[in-house]
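For reference, the structure I am asking about is given below.
A, B, C and D are the chain letters, set down in written order, and residue numbers restart from 1 in every chain.
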């Protein structure tokens, strides 16, 4: 089985998920007058939630892109592991909208972290199912290595969700930290493939 | 005629259908306060409807992917048979939203089954129109074989719709059963192509 | 310049246009009770408008697919002629929604015809701009020939719009007739390419 | 790293952004009667905003297409420069909708210009990050040259935003002027690649 259509379908879903999030950023409506800069200022929690989720989806797209460049074989289990990842990522617009509209209240911030945690775990499972089809000395296996970043992220999401129950802004801070850790594209794969 | 653009267009439509369904999962709004975990709990029928439809669309994408890997020739009739399938699948978000919002009431559950039945029948017609362009000993024809799963699904959808009139939850149970039957990817094609 | 990305972008836009139309088919909401089959029956004008537009977009996708199979060279003018076609097709969901919600009243039916007319004219311009890059004895030029179907469609749209002012249903009848004329895929190109 | 998936993902996002803008053009609803041509006339600011943004996104797609035809190597920084461009372009539907619904009032016109400015600057950064991976005598470097059009556009956006504070229509006029300047596809690249 070749990986082309899996990549195309994933690109399609990610492109749509990243774009429909902006639909949650509703055009301000008000009785009589709604074309003021002050109307716009009220949108900043929605806008900053959107920006954070955009960065997260960009990270997933980048990592997915890097990951599948090292992949040579795709089996049936990988198709479902990939769909499982897309399922959780497709819930991000909902979690983003709820968080933005409620100005980073406890429950939405915790839900947002839970969706990130589920997506992170799904990515971990996808990597595992890919490794099962590749040898231990394949470029993919070498590029993944111990996957410290992936495991650390899962721990940090749990920490973020826990902290959010005390102070929602701390949760957001931890999620932003994880995004920053990943903003550096997966150089392991780039480096390994470069050789 | 080559099959590349048909696959790309189908991937596009399926990616959009699978993603816009999540737009039916409206961010909870309430007077004053809507950022509670209890608001989220009310969404479980919408969420579980979404999850079931996501699995169904994943199955269709997987089977479509497998099917067209064995295809070598595509004629004009196949283009329309494929669009016919996409038409019914494009109605799934509507049926999903109606079912979720009405907590699995009779009419929405029956409609959901009817859309699944129509899509299943359209897939059957697509397979037939593809077989008409391939020899009886082609990999495609061997891989499809007697298409027992496809025929059984159509019967089960009818059973599910009928049972839904008595007890909607039984209908959902049957639709879930069909999804489980298909969750195993179409190993027939994988096996035949493997040789 | 190669045509691959133009095809991919067109497929993307057409896939989205064909799919977001279904968002106009709103899940029925009513005070207290909205999960009845009677609620569904009220949706038939929206549903039949959707079905007609789906067929039209399917025809455009099919013809676009056939057309570009015969194309060997794409210039800058073709990119814009193609975007111009996509612009009018992107207005079809709006026209479809307005027509369906107003039960085929005069103004929406006339607007629907106007969008079809503009799209048909844009397709004609696209074909002209492609022919300008190909010789008179190229497969493309032979396949297009006198383009009788294309010209007839434009005339019929005008007739349909005019008739709609007298009796909206006659307009719909003419638009449906044009769709039926085109449902046969562009065999001219298939036949010519077959040689 | 090959550029295929970057192009495909960008095409996907641009196709969705260009299409979901039309969702802002809401089907007119009114008590009792809303199927009049006069209801349609009220939509002209929304329609003309949509048309302007469609042209802008078409320009970006065309230029992106031309740009990446000359590209031979893509690094990790380019992936993020590209996502940064897509981020600003994804905000165009929101700015378009706000501007159209408020009949070209000051704040929305200024915001629209700000989004165009940010997108223009992001495109400039993308070109820079691509040049960093290519030699000074590569086809890409020659095709870009001094990038006078790109720099002029940024200046004109600032002028447009400033003028909008005095007279919103002047802002729109300047944005339209920039679109006209770019409507001519990037012949520099076409010419250079032609040799």
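Please note the rule applied: contacts are C-beta pairs under 8 Å (C-beta built on N, C-alpha and C of every residue); 3 or more make two chains touch, one makes a residue touch a chain.
Note that the structure is predicted; figures quoted are calculated from it, not measured.
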Farthest-lying chain, centroid of Cα atoms versus that of chain A: C
Interface residue overlap between copies chain A and chain B, same or different (over half shared): different
Inter-copy rotation, chain B to chain C, in degrees (Cα atoms; steps of 5): 90
CA centroid of chain A to CA centroid of chain D, Å: 26
Separation of chain A from chain C, taking each centre as the mean of its C-alpha atoms, in whole Å: 36
Junction residues of chain D - those touching two or more other chains: 8, 12, 15-16, 20, 23
Chain D to chain C touching residues, read off their complex: 7-8, 11-12, 14-16, 18-20, 22-23, 25, 27-29, 34-37, 39-40, 51, 54, 58, 61-62, 65, 69, 183, 185, 187, 190
In the complex with chain B, residue positions of chain A that touch it: 1, 5-6, 8-9, 12-13, 15-17, 20, 23-24, 76, 79-80, 83, 86-87, 90-91, 93-94, 97-98, 101-102, 105-108, 111
